[in-house]
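Alright, structures below, take your time with them.
Two complexes come next, and they have one chain in common, subunit A, joined by subunit B in the first and subunit C in the second.
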Partner chain A sequence: MAKITFITRDNETIILEGTSGSVMQLAVDNGVPGIDGDCGGVCSCATCHVHVDVGHHLKTGEATEIETDMLELNDYANERSRLCCQIQISDAIDGIVLQVAESD
Partner chain B sequence: MKKSELPDPFETARTTKGYGEMDDQNDPVTMILGLKDVRKCAHNWKTFTSQSAPGRIVIPSEVNIRDTRQIPFEMDPPAHKAYRAIVEPWFKRPLEADYSVELSKQINTIVDEALAKNAVEIVEGFALKLQSRALTLLLNTPYEEAETWISWGTHVFRSEGNPLDGDKATILYDYIDKNITRAMENPNGDLYSMLLEATIDGQKLTREEIKGVVVLTFSGGRDTIINAVTNAIAYFGEHPESLARLKNEPEIVNNAVEELIRYFSPLTQMGRVVTEDTEVCEHAVKANSRISLCWASANRDERTFENPNEVVLDRKLNPHVGFGFGHHNCLGATHARQIMTILVKTLAEKVKSIDILDYKDNIEDLGEFKRKVGYDKLTVKFN
Partner chain C sequence: MSVHLNKNSICVVIGASHAGVNLAFSLRKEGWQGAILLFDKDPEIPYHRPPLSKTYLSSDEGTNLLKSVESYEKDNISLNLGISVSSINRTDKTITLNDGTIQAYDKLVIATGARPIIPPIPGIETAAHVYPMRTVEDVAHIRKALHKSLNKRVVIIGGGYIGLETAASIKKLGGRVTVLERETRILARVTAPEMSNFFMQLHTENGVEMLPNKNVIAIENTKGVNTVVCADGTQYEADIIIVGVGIRVNSELAKEAGLVIENGILVDETARTNDQNIYAIGDCTFHFNPHYNRHVRLESVQNAVDQAKVAAAAICERHPIYDAIPWFWSDQYDVKLQMVGLYEGYNETLIRKEDGESNKFSIWYFKDDTLLAVDAINNAKAYVLGTKFIKDASKIDKSKLMDASIPFKPGDLLI
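Moving on to the complex of A and B:
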């Protein structure tokens, strides 16, 4: 079981709990604003872009090259950016705080 | 070659030089072929603009047959953003439960009709109907309107033997004009009515702008959806094992839909106009010339996609650009994904196999490349 905190673009805090699947799916199932997950998690749409809070970044593991390539041209990306469809829910990410990124 | 195969004509050019060249009505195009280059150019709107003469970024160019700017498609940031924001929530409606229930009913009906027949011509007799009926949901107009659109035939701008048919365009424009007037007198919650209400910085949209959004909705979602649906039927015709697999593993339907979109790339390319002398793939391109973002080639880029020429139904990482890339990504993508998802599920549930009885490929002539994008005709029997 992992507790995951989302901070929306309007600075609302949403705390969710999950055991499996992707962080994107959890967010979409619970209607977290700004996480649309248009492509269903195949890494093609970037509508699941989050910034991982300082201190939690290592918990999510490394992004694949396909994911970093997607983020490379994103105007709102920084070194803490992830596409959260690529973060699997497990105990390892318990307590993580994710800021929903801006988008066009 | 298998009947349902869509070969990749760009491979050699993509791997050796990264670009291709084609003429289009004396307005030549440098086609960008690699996935990363396509993304970079799509992102760089300052150098590669969408906001040129109306119709010029479309290939084949439509400058000679229309003056209406399609919105938000033929605009650059920052103005693009405000227009996109108006239409975006409307084009996300396919995610609402009522919408997918209705769409599901429509698709079930059309599949049942096809099952009851000995032979169905898919392009006109299935895909066009499906696309037109589904469009009534996207516009939130009465279901009966679909009959009018079906009567226009498969292409809004194209008719057999004439790639740019001005007369067809007039039919569409007159139709839209009439409907804007109707919605002004009688707003009823359809797309026209929503657009008439919308404001940007307190200003209502002009009639021409409203027309621009509606024309985009009609033309952007017509050939593309028809190609995607028809190609899917042909693919399942030759791959009954895939139908069986999707029936047993419904959890891979999302991956399968994304993969079919990648493989089919229903829209081959989209143009941009170069604003300053520059280089792409170490090739000089001049200001006021055109480049194209060749989605179909990028989607077969072997540097990103393993086995790019195979349909891998459960492909997990699939950063395709079948719906474009960046701020101009396909506005109708949510609608299209919903159609394809429901179609794939319905076929998997109801259809055991599909026999391809007859077909004629639709091959695009793109200068040095010939690309099969779909079918002019595809006659099948559903079992």
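Moving on to the complex of A and C:
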């Protein structure tokens, strides 16, 4: 079980709990605004872009090459960027805070 | 009062897949106050369609819902599944359901998508285990038939993306797969010869029998075993046959209602039909693309989702314009293909290969100096760069683009 906090573009805090699947799916299932997941979680659309809060990125790990490449020209991408369809829910990420990134 | 602010207004959406479902949720987001009713003949809770031929077929993961059941309740969207619509009555502003029920609307959205073409091959009607690949039910049938089959000989008619993705998935499930393509090369309708060659080789290396120039003329069935007969006299035994030869737009309802049809339901830049209260979105539409300066019909998630957002905004009296650059993807084995733009009309292709990586390259389609489209294999960077260049109508230095030693950065590749 992992507790995951989303901070939306409107600064609303949404706390969700999950046990499996991707963080994107959890967000979509619970209607977190700004996380669309249009491609269903295969890193093709970049509509699930989040910034991992400082101090939590060790839990989520680094972005993979395809994530970095998909965000290569995104004005809102930074070193804490992840596409959250690529973050799997497990006990290891309990307590992470994710900021929904602005979109172009 | 504006129709979208009136609590008594009703928006009816025919079709609850990517386009219809996204329309419904976008409509709420845009401030539609009245009822939203979704109708679809598929009884399943709306699901992501692209995984059907990929992970859903090849694993036990189950469907990937577009939205959770709770999301529909939360946004007060009425999901009416297993129900087909038999007519649209524009003068009364109603639709008639297959059980005779009449449902009124203030705004109607047609998101009826498309259906697989089943070619009129003699014997196809009586052959055993012939399936298209479009719905959860199709995949359930294929998985069940494959599980029960001893020999697991699968013939796929059609070497397009659906056929190829299905081939890769069935290979993963232990099937013996033959792909029969009528044209001289696979993917002939959608990509350049170089890309056809790449996928031809990829599937061959993975043990799929890939056969272009095979026009299927008959299917014979003896004791439950199908024999697929081609025009050149060759024959292939098949326990299961999967048909992936393209789709036909579901435009009959719109046509019978007198809406303008031209290779799909004709809509304007706000996704509106020739009836001011009726919109159409997704695979079933024929719409204008300003980047390419022509009307197009697209079969893609991107088009379904983006057109849905535009239609929702338009219904809520904003003034959006649909001007998205089309994009697509396909996953086969460990290869990810990402495509952006529309390549029709190209007169030159350039291939950029990344140093030392044979499975990482991109094909750039030009018409003279204008970049039309990019197909990127395991190369998301080429894909996003191509997207930007097409969007900005950038002038690209072709020799630099071809030179893998020059970094893949926008500034380095322009004239």
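Everything that follows uses one rule, which is that the second predicted complex is superposed on the first by the 104 of 104 C-alpha atoms of A that agree within 3 Å, B and C clash if a C-alpha of one lies under 4 Å from a C-alpha of the other, contacts with A are read in each partner's own complex, and residues count from 1 in each chain.
Rule of thumb we're sticking to: a contact is a pair of C-beta atoms (placed from the backbone, for glycine too) under 8 Å apart; a residue touches a chain by one contact, two chains touch by 3 or more.
Worth saying up front: this structure is predicted, and the values here are computed from it rather than measured.
> Determine, for the superposed arrangement built on subunit A, whether subunit B and subunit C clash or fit.
Here subunit B and subunit C cannot both sit on subunit A without a clash.
> Scan A:Asp29 for contacts with subunit B and subunit C and give back first, second, both or neither.
second
> Would you mind checking which one, subunit B or subunit C, touches more residues on subunit A?
On the superposition, C touches more of the residues of subunit A.
> Please indicate which partner A:Asp104 is in contact with in the superposed arrangement: first for subunit B, second for subunit C, both, or neither.
first
> May I ask you to decide whether A:Asp38 touches subunit B, subunit C, both, or neither, giving the answer as first, second, both or neither?
both
> Would you check which partner chain A:Asp69 touches, where first means subunit B only, second means subunit C only, and both and neither mean what they say?
The answer is both, since A:Asp69 touches subunit B and subunit C.
> Where does A:Ile15 make contact in the superposed view: on subunit B (first), on subunit C (second), on both, or on neither?
neither
> State whether A:Val54 touches subunit B only (first), subunit C only (second), both chains, or neither.
In the superposition, A:Val54 touches no partner, neither subunit B nor subunit C.
> What is the shared patch of subunit A, the residues that subunit B and subunit C both contact?
36, 38-45, 66, 69-70, 73
> In their shared complex, at which residues does subunit A touch subunit C?
25, 28-31, 36, 38-45, 65-66, 69-73
> Contact residues on subunit C for subunit A in the complex?
Listed in rising order, the residues of subunit C that touch subunit A are 48, 50-51, 64-65, 67-68, 70-71, 74-75, 301-302, 305, 327, 329, 331, 336, 338, 379-381, 383-385, 387-388, 410.
> What residues on subunit A touch subunit B, complex-wise?
Those residues of subunit A that touch subunit B are 36, 38-45, 64, 66, 69-70, 73, 104.
> Residues of subunit B touching subunit A in their complex?
36, 39-40, 43, 77, 81, 84, 92, 254-255, 257-258, 304, 315-323, 326-327, 329, 333-334, 337
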